[in-house]
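We just call them A, B, C and D in the order they show up, numbering each chain from 1.
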Amino acid sequence: MNTTPPPDIIRSAYAELIVSDLAASRAFYVGVLGLVVTFEDDDAIYLRAFEEYLHHSLVLRRGPVPALAALAYRVRSAADVETAADYYEELGVRVERRAPGATRGIGAAVRVADPLGFPIEFFYDAEHVERMTRRYDVQGAGAISRLDHFNIVTPDVPAARDYYARLGFRVSEDIQDDDGVVYAAWMFRKATVHDIALTGGAGPRLHHIAFATHERSQILHICDHLGTLRESDRIERGPGRHGVSNAFYLYLLDPDGHRIEIYTHDYYTGDPDNPVVTWDVHDNQRRDWWGNPVVPSWYANASTVLDLDAHPMALTERTEAAESDVTIGADGFSYTRRDDAETGFKLGTQV
Amino acid sequence: MNTTPPPDIIRSAYAELIVSDLAASRAFYVGVLGLVVTFEDDDAIYLRAFEEYLHHSLVLRRGPVPALAALAYRVRSAADVETAADYYEELGVRVERRAPGATRGIGAAVRVADPLGFPIEFFYDAEHVERMTRRYDVQGAGAISRLDHFNIVTPDVPAARDYYARLGFRVSEDIQDDDGVVYAAWMFRKATVHDIALTGGAGPRLHHIAFATHERSQILHICDHLGTLRESDRIERGPGRHGVSNAFYLYLLDPDGHRIEIYTHDYYTGDPDNPVVTWDVHDNQRRDWWGNPVVPSWYANASTVLDLDAHPMALTERTEAAESDVTIGADGFSYTRRDDAETGFKLGTQV
Amino acid sequence: MNTTPPPDIIRSAYAELIVSDLAASRAFYVGVLGLVVTFEDDDAIYLRAFEEYLHHSLVLRRGPVPALAALAYRVRSAADVETAADYYEELGVRVERRAPGATRGIGAAVRVADPLGFPIEFFYDAEHVERMTRRYDVQGAGAISRLDHFNIVTPDVPAARDYYARLGFRVSEDIQDDDGVVYAAWMFRKATVHDIALTGGAGPRLHHIAFATHERSQILHICDHLGTLRESDRIERGPGRHGVSNAFYLYLLDPDGHRIEIYTHDYYTGDPDNPVVTWDVHDNQRRDWWGNPVVPSWYANASTVLDLDAHPMALTERTEAAESDVTIGADGFSYTRRDDAETGFKLGTQV
Amino acid sequence: MNTTPPPDIIRSAYAELIVSDLAASRAFYVGVLGLVVTFEDDDAIYLRAFEEYLHHSLVLRRGPVPALAALAYRVRSAADVETAADYYEELGVRVERRAPGATRGIGAAVRVADPLGFPIEFFYDAEHVERMTRRYDVQGAGAISRLDHFNIVTPDVPAARDYYARLGFRVSEDIQDDDGVVYAAWMFRKATVHDIALTGGAGPRLHHIAFATHERSQILHICDHLGTLRESDRIERGPGRHGVSNAFYLYLLDPDGHRIEIYTHDYYTGDPDNPVVTWDVHDNQRRDWWGNPVVPSWYANASTVLDLDAHPMALTERTEAAESDVTIGADGFSYTRRDDAETGFKLGTQV
């Protein structure tokens, strides 16, 4: 354990994704999602949502292999950036100091290879740009407000949870079984259900990044729009209501297969005694409150993660039971009503 | 062909369903859907939606076999009831005159065994009750406005379409293949996409009846509510956006397996030259604009239909290709983009 | 009374407005309301809403005096156009036959100087253009579906009501006082609350034309958008919920002061016995169910109407009591609760 | 200035209002707003919203004079309650320690007579009750999620702002004029636009308390519901879109005239450099983005505040200009477009 205190992390702040074709990505992120372009050139596009005033919450960078290049947390002060460097140096992982502008719009920063295998950035200083909250002239029917959270795949969820707890994140909800196996956990710094979700599986991989809207109609419009474009196959799962978080959700796949969630209606978690909600892995309403089946690709696929030299990270397999195995098919099962003799599980009766 | 003109049908008006357990049905139709009870006793419950002022749009009657007992169309005048009797007598099918009150709240009526094998009622006179349009004190978050349409399963869709066309119904949309096989058709009298939909399959069976809401949020609430009740397995399909009709939809199963659609956002069809929309049966967005798969049960299951003596009707199989066969698995296929070499069909890549 | 039967009118179909500055009008109708341009040149802009497939539902024509040039009803057939000519000739008013294309996109038509002093067109044939129902790629957050109705100011409401009744329109709702004075009436051909509303006052004048959306959020977006443009003074009244019609509404003023309503959530009226709702003129919830005051300009102002030679019509004053006088200030009064000793009228306690 | 550090305040947590008739208040807060009763007896009702798990966010206590009895902030720990006592003792104001249960459901607390004249409570411990986030079976169409903020009237806004800044609150938005007069300020601890708003005027008085919903449709339903109950005169102002905060709002008056806001759609403020938005007092869109007039009662009326002995506090008048005076009538003015020669101010052209 560290003797250095952790940096004071405010929230998940931006992701940097490697994409293979900037024009195709632009058509999706700007054309469909309506994100605002802060800056773009031949190598990268810097995007933000309508209520964000920092330079970007998403960087799309052209590269040979679609992957996650970095997840960035904002810390409370410039001093916290230094604290982060010290903290991770004491942890014994690789720490890279980045000069202001190393990422356009971002001040002095630190990138680390975190113990879970992810490239994580900490920054405080960032360029301010127009906050377009009241720019209804350019907000479409599917307007997005802000980045909400990251979701990562990692083999050992309790270990990852403990690591994040030491960074000051608290658990809002998790999925377990009666033997105490933890399949996933949701953790937060800002007062929402999560800044980071931990999904059990071969890792490190990026499961998705999520953006928030104000209302559900904005999420539904994105589906309608993709239908018009004859790109409904970008809709991987949803729309639906999560059990976990109670949020209304939609999962999309960008042109490189990076998964993007659009999300709204979660709840305030900012009090110190915010109750933790634990879901039974066999509860068929845990991931969709309406019992609609989770598609297999949602469990199976996730984005490659790069190390600080931009090489893909090798994967470590999960050794505990996989959520999809224990809930679907063969020996797996789910229930709608816990003690119901009859199954009420929709997928089971359908396929 | 008839020499008697057909009755002037206004719209689909009410359905009479046989249910096995009135208390269970009440919990669903009143407790979840929020329909208003006009009258109930030990044998039946008479229900209406909030903007309806006739006695009922749905009768739930206790009986030994869950089934459809009648679909009722309202005609323009009392004289049209007589016209209906004459019309069907000339057709040579069984015609039964019903005294006022034979169905509570309904005046003089005629029930016929129509050529498609369905028990169809025509009535004009009906008891008026409170129209609760402005009764926001009792309208819940999932408030339903009115009955919208019936959907029936019949083996020969073109024959059924022609029969309904002679009754003055017009086609708004249909599903065909390149060989001209018609898989389904939507037909209307009132100025919406349909009063009756014809679904190709072994018939006569009732596929579903549909109720309309004003907004999508009301449909989403019904899903949320079923989740809370731990009855999410009543959600068979959806919510989603139809291709056909452009309506936002949800399919539920009542305690006897009768299928109920909740529906909103279709369009005005009242002009004589309203364009017909024909969908390719292989178009994966025809039944869900977002490309979400149609669950197999939705194709396979439908309610038994009773004859005028309350005996279940024998089924006639469809001889032409079945929509589910030509679009899913084995030789069947669907596309998201017509000339796309790669498949974009979500179900195909998932299961 | 006529011996010629009236034409079979389907619905209110388009309005032709004279505007002083096409560019300014375009900024409003296209830039803010999002109407689709079917055609435009230096003299006129032809607009339609997203679910309309006829050439236009609104013509903006450049002219010296902002005014109404015509209100057009669609009839059921080409023969009905002839019927209309005969009907009005028998009435002894001026009748003008118009060749196909006299108005771009419209076939053979008849324009009449109707007995109420309005320039009314009847047409059947019209050019079909793309119905953009499913064009979510171009539908903004405030997307409009279709023209819904016209509202005209006329001195003698019962006389106007009787005239329209002879044309086959039925009353859905009206506003009266205990002495039987009729202040306004709502009448329809298509199965909604109205195609034409009759507002008592000096006439002939056009009170407004109304477009329908699917949901309330689309109306709210138009307000937000006008705020961003710093044109909130185009919002004359609302948004709110009407008592009459139960619709959610918003009144805007275009650059020439023509009033445009955006409207949603009224109810089905298509059955022959649709109950008439009569409101007491003193009921403060009749025009706004939430009791928000009607602004004086809404009562006072309306658009000039042109005769068939494009000359402004002279006004005839209303001789009966004016709604604003009997409900606001001085001797006028309104109540929230009929027998409440205390006044509950918001405007009265505020100004 | 204090040498004792301030307590670590998390958020505005509950209000205690004195009401004259508990049954009438219950009809409003439970019957219309749908708040959940945690406990009630002959003296008081303890209410919470659907996403709250502490015992209550509103106490209605029967008493002789309608008034505010306390505003309560939750602090981060039990130790912070002690810190609060020390902090205010050093300030030299009256401090009252309250045993657990002094207010039902609340643990050890401190109440102080704060320098602005308000009775303020600090607590950490509180009884946990069911968080009804997912209880869609009992959530109506106007379901409320949580308490959001308090708004108080105080004569000297800069002095109040500085006092709250010393407690760790930050300003999100304010209203000023060109001379630097501050008319109102919005300040927060949790990451929303405010926990406390400071409104310039004779004080101490309570302007309103505000509850949050997820969507605008929930606010609109409350209006519809009041219309049905013939209590539309409880709607004092709105619904509308605030300029300040960008929130969608509605102001209601409870049976004693206490003002309740229902509020949604504000934005995240949790980063340390969250930009402050300053509005010009003459900007007609500052308090309603759509330019709808602020009703005079909203400026004039506010609830009496009690001291710690339950005696009404005497008022101190504001000495600087009043917002209503500088923006409406006589010498006051507002603009829609800053440099517009013509006025675009709706109220001015209407009354």
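Odds and ends about this structure:
By definition in this document, a contact is a pair of C-beta atoms (placed from the backbone, for glycine too) under 8 Å apart; a residue touches a chain by one contact, two chains touch by 3 or more.
Going by UniProt, the chains are A, B, C, D = 3,4-dihydroxyphenylacetate 2,3-dioxygenase.
Predicted model, so just to flag it, every value in this text is computed and none were measured.
In this structure, the chain pairs C-D and B-C differ in their number of contacting C-beta pairs, and the larger number is found at C-D. Chain centres here are C-alpha means, and the one lying farthest from subunit A is C. Chain centres here are Cα means. That of subunit A falls 49 Å from that of subunit C.
Inter-chain centre distance (subunit B to subunit C, centres taken as mean C-alpha positions): 34 Å. Look at where the CA atoms of subunit C average out and do the same for subunit D: the two points lie 41 Å apart. Shared interface positions of subunit A, defined as residues touching 2 or more other chains, are 134, 215-217, 224, 227, 243, 289.
Looking at the complex, you find that subunit C touches subunit A at residues 134-137, 139-141, 143, 215, 217, 221, 224-225, 227-229.
Those residues of subunit C lying in contact with subunit D across their complex are 216-217, 220, 223-224, 226-227, 230-233, 235-236, 239, 241, 243, 248, 284-285, 288-292, 295-297, 336-337, 344-346, 349-351.
By the touch criterion given at the top, residues 10-11, 51, 53-54, 74, 76-77, 128, 131, 133-134, 145-146, 190-191, 214-216, 243, 246, 264-265, 267-268, 270-273, 275, 289 of subunit B touch subunit C in their complex.
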